[in-house]
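Just below sit the structures, each encoded as structure tokens.
The following pair of complexes shares a single chain, chain A, combined with chain B in the former and chain C in the latter.
On to the complex of A and B.
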């Protein structure tokens, strides 16, 4: 356990040195937030009130929470593992006495812990100033929201980890990566809330783990879902967590038998 | 890279190797190397098509909820989207590589480019001429054809000219933005994402009806970063619509002049960036 804690801590420190990167990320996410919020608000005002259950201020809140959580949740992923398979460094990782998945996860949690403040707060502040936010006033949604964010972070990590692990079998994963990234961005509700989709697409999105990676924590944090529904949504997250965890463990097990590292 | 170059058929005649000849050689070597891993290449192309598709779905997910979006019907918004996609995918195909300039600088590749007797920009254009990005262009052209079929445009010679100019001006505007994004990274080595606000942010703005944005954003993305001039403004002229306060419909003809001005500015910035660069002796 100690090893993972240290890994998370050092990852936090590593990320904290790149302050300009954090600042420019927050800037860009805020610009996108402005564009996205104005588009959704314009549509809502044309529709006359609400779309997909979102009023103007709720949609704006949705956009800003999404922009704030985008970086901490790691929705752009990391291709570090695949890079290490390519370079052969993976041999070092596999010979360590820690679990491969858990050690990468610990580092991702450390990264997220740093990202949440410099990358998460600016979009929310700008959102509060420009469009206003509708946030719950009781503690419940924040507590459950924290759990949900942690679950979403882990789900997002595991999803990208699966794509990274493909590099045990194929030489170049960039195409699979791209395919995964664009599908995830769309179906997680990052671009537009999934309830805005046409019905058939909504059904399709809900059959995937993607809404659990963003839409769920955002809706819970915004207080859009009440206690029982929020708990059920977190339950769905945990279910997908179990599925993806089992999947990655199987892939690591069979993949590391298949893997051939050249040279040494 | 050096290996693929020598593997290409050598110039048979003894005439001097011109930039154009080198360019052709480099691009063809690139193309062959990209198709080497078939599975990944197929996934790459599919990924690019799905990417274009999700950009469309993002628009559709909004538009299908409302009769008009930013004063445009679905077909009209599709025209804007298609123009923006064609322009962006051509710009991205040719100059998208400058987006990752900070990595080129950080791992010392830039010094290799600087010592070669070819302009750095030209080398960057060929170093990652990515065939897979054609997938995006194909989708964009299909969308454009569909938009033309669905919208009702009263054609006249001026509009035909504008229709032809628009994708080219759009490609030039995005190309210039990519050059600028690359140049900025010489100063902000870790600030790559900063430039994304203007390149990818510009693409996002360009593909949506401009009237649906807040007024300050309209003005900024028309007169500072000319993203709405790529697709929305010319579409207003073609469709005979009036623009919002920040994007009057006469701006529809500004795409090409804006592209020229922007290229001038961004090339100056690029030159300053290259001059500013100090190698670490790699």
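On to the complex of A and C.
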């Protein structure tokens, strides 16, 4: 266990050496937040005040929370593992006495822990100043929200890890990566809340782990769901976590036997 | 017994573009390459074994199978009493691996920051790995650059760090794949000294692949020579040295062109060929039969010599010779 803690710590330190990158990332997140918020707000005012149960300030809160969580949750993904398979450096990872998935996950948690401050806070501050935020006043949603964010972070990591692991079988994963990114962006509720989808698409989205990766923590943190529903949603997250974890472990097990480590 | 390999084989399927013209080119073919063929050998505790062979001979493939990152096509292998593939993580705590072309250090962290992570990975308490780290840092003279990010280290500095990282958990077996590649003489020597000390002091078993004969001479009493996936020679270094001495090459430049046939060579010398329109001649000779001085005297008697150089056999030559003599 201590190995994973050390890995998470080292990843936090590694990321903290690139502070300028973090702040320029936060700037970008905030600018895109402004664009997205103004689009949604004009749509809501055209629709006459609410869309799908979202008032103007609630929609703005949804946008800003999404922008704030975007980087910490790692929704852009990392193709590091696939790159290491390509270069053959995977040989080093596999010669270490740690679980492959867990060691990458620990490093992702360390990265997320660093990203929270420089990339999570600025969009929220700007949101509060520009559009105002509608946030809960009791502690419950924040506590459960924290758990949900941790689960979402792990789900987001595992989803991308599955795509990375495809590199054990195929040489080039770019096609799968693009497809995954498009699906995830849409179905996670990053572009618009999933409840705005037509019914058939909402049903489809709910049959995937994607809403658990963003929509769920955003809804819980914004206080849109009451205690019982929030708990149920976290339960769904944990269910997906078990499914994806089993999937990645199977893939690592069979994939590493299939893997041909490149290079001398 | 540290390593037991029995009839170990690995083949790969290599995709190839179709041969021929027109549509035939679009048809993709596949070819099977036998990288390692039925290799059997054992290594005892405390041995230092040089695993040598030309590029593509199957050295790295064997090492990957020994460390459990590549599944053998057939055959059996046990390392430190474990089966490498199914027990890969347990094995990783017993062996140290250095890949000369890759890094196991965290490249954007200061060098010293990699060691607490490695210590934790090997499940060792700080009271155990810390003194060992200090000992290694002193032996390898890592002190001056412990605070430097790995990415900013020179190759020689990084390799010393890599070897220290591989030795941190006092492994029973250290496998080194081209540890001295690209290093200058001084860095090579300090690395070899540390590895030799490690073996003498702790009885650590060493298995290294290399292209550098002096690595083998300095570190190994036993050599395994692989050629085309099979073992061509397994024996003490002295046996290899005999073969090595069997073929030195003298390259002679004459003042004026000379046809090869005009050279009168003493017994034990063979004319290999002429270059530069008969100015430069290559002559192989067996030093047990003929000294370099005697050969030079014989050559000088034929024509005026402008320049000369002597070449020791490289590993590729050696392997070729071992292989032909084995058949």
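We take it that the second predicted complex is superposed on the first by the 261 of 264 C-alpha atoms of A that agree within 3 Å, B and C clash if a C-alpha of one lies under 4 Å from a C-alpha of the other, contacts with A are read in each partner's own complex, and residues count from 1 in each chain.
Rule of thumb we're sticking to: a contact is a pair of C-beta atoms (placed from the backbone, for glycine too) under 8 Å apart; a residue touches a chain by one contact, two chains touch by 3 or more.
Predicted model only: the values in this text are computed from it and were never measured.
Student: Is this a clash or a fit when chain B and chain C both end up on chain A?
Tutor: fit
Student: Classify the contacts of A:5 with the two partner chains as first (chain B alone), second (chain C alone), both, or neither.
Tutor: Touch partner of A:5: chain C, not chain B.
Student: Looking at the overlay, does A:14 come into contact with chain B only (first), chain C only (second), both, or neither?
Tutor: Second partner only, chain C.
Student: Between chain B (first) and chain C (second), which does A:51 come into contact with in this model arrangement: first, second, both, or neither?
Tutor: Touch partner of A:51: chain B, not chain C.
Student: Of the two partner chains, chain B (first) and chain C (second), which one does A:105 touch, if any: first, second, both, or neither?
Tutor: A:105: touches no partner chain.
Student: Could you say whether A:114 touches chain B, chain C, both of them, or neither, answering first, second, both or neither?
Tutor: neither
Student: Which partner chains sit in contact with A:175 here, chain B, chain C, both or neither? Use first/second/both/neither.
Tutor: first
Student: For A:31 in the superposed arrangement: first (chain B), second (chain C), both or neither?
Tutor: A:31 contacts chain B only, not chain C.
Student: Given the superposition on chain A, which partner contacts more residues in chain A: chain B or chain C?
Tutor: B
Student: Can A:157 be said to touch chain B (first), chain C (second), both, or neither?
Tutor: neither
Student: Between chain B and chain C, what minimal C-alpha to C-alpha distance in angstrom results from the superposition?
Tutor: Across the overlay, chain B reaches chain C at a minimum of 10 Å between C-alpha atoms.
Student: Once the two structures are superposed, pull the chain A residues common to the chain B and chain C interfaces.
Tutor: No residue of chain A touches both chain B and chain C.
Student: How about chain A: which of its residues touch chain C in the complex?
Tutor: Residue list for chain A touching chain C: 2-3, 5-7, 10, 13-14, 17, 88-92, 94-99, 256-257, 259-261, 263-264.
Student: Can you list the residues on chain B that touch chain A in the complex?
Tutor: Of all residues in chain B, those touching chain A are 37, 39-48, 50-51, 54, 57-58, 60-70, 132, 188-194, 196-197, 201, 204-205, 208, 211-214, 217.
Student: Chain B touches which residues of chain A in the complex?
Tutor: 18, 20-21, 23-25, 27-28, 31-32, 34-35, 38-40, 42-43, 46-47, 51-52, 170-179, 181-183, 185-186, 191-192, 196-198, 201
Student: Within their complex, state which residues of chain C touch chain A.
Tutor: 12, 55, 60, 64, 67-71, 85, 88-90, 92-93, 97, 99, 101-104, 106, 108-109, 113, 116-117, 120-123, 177-178
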